[in-house]
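Chain lettering (A, B, C and D) follows the sequence in which the chains are written, and residue indices restart at 1 in each chain.
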Amino acid sequence: MSGNSFGTLYCVSSFGESHGPAYGGVVDGCPPGLELSQADIQKELDRRKPGSSRHVTQRRESDTVEILSGVFEGRTTGTAIGFLVRNEDQRSKDYAAIAQKFRPGHADYTYFQKYGVRDLRGGGRASARETLVRVAAGAIAKKYLREKFGVVVRGYLAQVGTQKIEFRDWTEVDKNPFFVPDAGIVPQLEKFMDALRESGDSCGARVNVVASGVPVGWGEPVYGRLDADIAAAMMGINAVKGVEIGAGFAAVTQKGSEHGDEMSPQGFLSNNNGGVLGGISTGQDVTVSIALKPTSSIRLPRRTIDTRGQATTIQTTGRHDPCVGIRAAPIAEAMLACVLMDHALRHRAQCGDVTPPLALG
Amino acid sequence: MSGNSFGTLYCVSSFGESHGPAYGGVVDGCPPGLELSQADIQKELDRRKPGSSRHVTQRRESDTVEILSGVFEGRTTGTAIGFLVRNEDQRSKDYAAIAQKFRPGHADYTYFQKYGVRDLRGGGRASARETLVRVAAGAIAKKYLREKFGVVVRGYLAQVGTQKIEFRDWTEVDKNPFFVPDAGIVPQLEKFMDALRESGDSCGARVNVVASGVPVGWGEPVYGRLDADIAAAMMGINAVKGVEIGAGFAAVTQKGSEHGDEMSPQGFLSNNNGGVLGGISTGQDVTVSIALKPTSSIRLPRRTIDTRGQATTIQTTGRHDPCVGIRAAPIAEAMLACVLMDHALRHRAQCGDVTPPLALG
Amino acid sequence: MSGNSFGTLYCVSSFGESHGPAYGGVVDGCPPGLELSQADIQKELDRRKPGSSRHVTQRRESDTVEILSGVFEGRTTGTAIGFLVRNEDQRSKDYAAIAQKFRPGHADYTYFQKYGVRDLRGGGRASARETLVRVAAGAIAKKYLREKFGVVVRGYLAQVGTQKIEFRDWTEVDKNPFFVPDAGIVPQLEKFMDALRESGDSCGARVNVVASGVPVGWGEPVYGRLDADIAAAMMGINAVKGVEIGAGFAAVTQKGSEHGDEMSPQGFLSNNNGGVLGGISTGQDVTVSIALKPTSSIRLPRRTIDTRGQATTIQTTGRHDPCVGIRAAPIAEAMLACVLMDHALRHRAQCGDVTPPLALG
Amino acid sequence: MSGNSFGTLYCVSSFGESHGPAYGGVVDGCPPGLELSQADIQKELDRRKPGSSRHVTQRRESDTVEILSGVFEGRTTGTAIGFLVRNEDQRSKDYAAIAQKFRPGHADYTYFQKYGVRDLRGGGRASARETLVRVAAGAIAKKYLREKFGVVVRGYLAQVGTQKIEFRDWTEVDKNPFFVPDAGIVPQLEKFMDALRESGDSCGARVNVVASGVPVGWGEPVYGRLDADIAAAMMGINAVKGVEIGAGFAAVTQKGSEHGDEMSPQGFLSNNNGGVLGGISTGQDVTVSIALKPTSSIRLPRRTIDTRGQATTIQTTGRHDPCVGIRAAPIAEAMLACVLMDHALRHRAQCGDVTPPLALG
């Protein structure tokens, strides 16, 4: 399978460029009989949509999804679900000034060197706008997981630059422009972001994602581990530079007597492992944390080279998110949902006859 | 592809259990004509071997590899390379005492619940002993990468519990039992490890891996990113709970003006991105850091349940590494090498005609 | 990979239903730099198009393709090529009369039983109209193969029902509505087809496909054989019930002294093997022959059951090809081209350094 | 996945050469809890074994299989099943005389040109001896299919050269050295084979394989069709040049009114489709027929070239089957069983919740 597809049984293929006519995708392997409407997907796309507050890119896109196949009379048929989102606000001219220069931290240099092609239309395939395909595919997975297994996948912004956000309440997350689980911190974040935007710079972020209700037993040994697939899915999101499951890097300084989650007849007594042991889900919350780097396109001058290899400087003045992490929670949720969906199906394939011998809790 | 295989073109399939007769694997897709002897693989297996110092498990295994196919007159033929390592020191009786109990932090509970089978022979498929298959597959990849592209893949222990190790010198790494790049710190580590072992507890670790000489252009967009595949390969190593590429989690607090690596006609001026931009190698060092949790099998008593779900306690007295991270560098190198090898072939497949337009440096 | 995708490196994902809004697909893995326009794809789609003569279905579709991504300034970028073909003439009402009955020889029964969903819109995903996605993907492959390797993939109708057609001349094939390589036989075929149509019945066909210019060395051993992948690609075409490579079933009665193709310094002296030995291309023409069953939808009454399992009879009066084989040549060419393309890339990946030691001919 | 592996969920990886130390494989994805012993696999290997009559190769091999993993206390654990068969009778010296010549109809020329490596040890990876790996993997699949679903997979020799064999009785097949379902024809076949052997020539064969008890619903649409995967599996067997499902090439001259299998509340009234419609199993017998070419290695002189491209002649005097088709029934059964197993798991993955709405028969 080439690079624009992923999944073993719940397979997503993606196409589209930031300044081309449209994005779209194919979701193959979804079980039949799931109630599915355009609204189910639109709801998630709207969460990720640009232009929703002054803290994100001002590109104006309705991101309206059209379902082209795989659904009949409101239910999935079990065949491939094709969908399309037309681009509406491609201002390629924004890129004229930087068409012949590489943006530090951006993929335009590596794409140019790999393919020998200079696509100067604002990020082309590397644009974070591609993540709308993932969000659409994840919306279907989330719906199936919730209806069939009671699995709920949720994420929130846990840190913006130096600003750490404590977890307080899931219900807050979708009520503020930052996807933070704490209403009280919003004014402080607005101030922080306003200052950042004014400075012409950008900042990194941390996003946490949690899947609750995952049954014990999903994941495969050795290379097909649930956590390995989650790590790939997360690191494959634009701008992600780090992934943790459970205790993550804190495990380095933990003792075995502290890290190893003790058990009782009621279940595990802690969750340092983040819901995965030996690559297989434990029945606890699957907890994931990711680091997102600061946006590469900033207004401050940077040293770089042009397409002939000559030294120059660059400033990027188009419409960009000052912190891509702000809109990343829906994307990370979608990727986690797709991985869980794939493993739900893989587990049923091999172990559909097995009843877990122990019922804890 | 099911869970015991990985790779798109350089494919590794693995089998074997800790207390069964043997481990082995199949490496499929290796180019023909590579000089390859048993010694090439043995050398890497010996680096990972148990019993090499008092700081690792005392299990006695020669870990002698037998190549069964795919090599003729000292060179790879291009067909599947099968290999086998017999187990020699399986003391299943060590496990009699804990046969009916689950070890906190260990995979025996999840395997039992997933498959409905209780394999009480010391970890079975989840044992870290499986990593010898990876090291063997990685040895072949490392050799090809070095001879064909000049790529060198190296790793070292960067932290053991609270003990941080500074990077000083690659040549030190294979001269001490800890795989640390600083001879001076060895006495301090020995003391730390002796105290740990005496306490009956275990600790976590951080291992860094670096691939030098990787050409620009390896990796694919969107889901087939080089960093995504590296993340999966690393998170799929036993005990790993976190993966970073380049700046990793430090990127959260970096500004865009600090993180985005500037460029000059001589190349990049820094490497926060860890040698990967947009999922494609930049030509810089590929830098990876992983967190390994503390060993689950410790001598201290822990609360747990038995196979009937009843509360009990457990102490593990078999032969176990007090810090699995100590032997992890060769494993992490192997996994990185396999991923790079796969992408080297994938890149040649699609872009074998492309000459990177710019020659920097 | 689920059922609506195929290919290891040149990957095609397909979606769409006969009476839904559109068909489309994603071609992933195409090398960059290939000149590609809509016209390149349209030309092949037009060959396959319905309504082109009275001998095929009278459904009116322009089958206009829109390229949505992966092409910039007239050349492929190396990223995913998305494309779309809107349906224009969906007369679902044609199907009202048979909505609750299964058509003998048709897939509606198996789809119903597999998925539990009754998609009564004229074939749904099983409709041969899906083959336009294959033809589009094949058009890109054919262009690359021709420009890069000089490979030419051509097919023709070799038998319609009892009417055998001798091979005379490739240049005739696209000049008559039957894709036959013999202008002289056209009147006889027209008469045969008119009589068939009048009778309300349908007939089977044989189509031959030949790829010329295939270099020696494409294909992999054992399971990844070129001929195995060709067989899958051909048997996966709607209505195909048999596949032959080279001598095919004639090999049953051949002696070894007759079948085994002798060699000279100028090359092979015959081609019983159809250009493939041990799963690897020999450098000769790759020759494939397929059997297509008669169309299932006919005007004659047939015994069947309805969706409640009750006995009934059925006559199909919609717009159907009386012989699906007539339009099958472009489809079979496309599938062969896709398989060859995949193996061209796979071969370069593994053996890009190997120069075939012998230059024959 | 590279060429020495196949399967999406029931995955088989194969290694070994005809004159190397051993063959072996990995079966990944087998459900846990299946009773499995060495005898279960040995039984099938013994059916395929060389030297069992004067009509097959006289190579002396016990073909004793050793299970190395994946089975604990007599049952599959759900993890990878590794197995090994040592070669015992490698007479590479038989090949000295032809070491520098290519055998017409044999793969040694294409392997040489693809890989640039001359493995002169009697077929190397292309040897039909590799099929023992398939038979071992198929033995596990057959056992699971029979115990779980009541599916029985059986094959027989239907034609040897000009000698057609009528189907009479399954119970005869394993009682004669030809795998024919008609005891009465055995003397005639022995005479035919004795004459053939004496002549120094070889002949082709047809083998039929039938899977009974396959439930309705296995297989996927479009590219993942059950019949497409069967075609690949069969064409991937050494020497196979043609594959038919159901009516096969007879469908070319059938009318739709004859081919399309009518239905009644008791089920289908005929089986021209061979148990597959639209790529999905119908619940009828899955019927497959394959053409095997005559053995390439014959005693008669043939024109060929040597490894320097010079004209020469060749006679092959080693131990070879005069008709490879004779031992092919167990191999074809194994491949069919592996494909069915894979689709059984794939179907359960996606449609595990669906009860086929109609119960016929």
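By our rule, contacts are C-beta pairs under 8 Å (C-beta built on N, C-alpha and C of every residue); 3 or more make two chains touch, one makes a residue touch a chain.
Everything numeric here is computed off the predicted structure, so don't read it as measured data.
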{"item": "Selected interface, A-C versus A-B, where C-beta contact pairs are more numerous", "value": "A-B"}
{"item": "Relative to chain D, chain with the most remote C-alpha centre", "value": "A"}
{"item": "Computed distance of Cα centres, chain C from chain A, in Å", "value": "38"}
{"item": "Computed distance of Cα centres, chain C from chain B, in Å", "value": "45"}
{"item": "Chain A and chain B, separation of their C-alpha mean positions in angstrom", "value": "26"}
{"item": "Where chain A touches two or more other chains, by residue", "value": "1-5, 8-9, 14, 29, 32-33, 78-80, 114-116, 125, 221-222, 350-351, 354"}
{"item": "Touching residues (chain side chain A, partner chain D) in the complex", "value": "8-9, 29-33, 78-80, 148, 221-222, 345-346, 348-354"}
{"item": "Interfacial residue positions of chain A with respect to chain B in the complex", "value": "1-6, 8, 12, 14, 102-116, 125-126, 130, 159, 161-162, 201-206, 216-225, 227-236, 238, 241-265, 269, 272-274, 276-283, 291-298, 300, 302-305, 307-311, 347, 350-351, 354-360"}
{"item": "Touching residues (chain side chain D, partner chain B) in the complex", "value": "1-5, 7-11, 13-17, 20-26, 28-29, 32-33, 66, 68-70, 72, 75, 77-82, 84, 114-117, 119, 121, 124-125"}
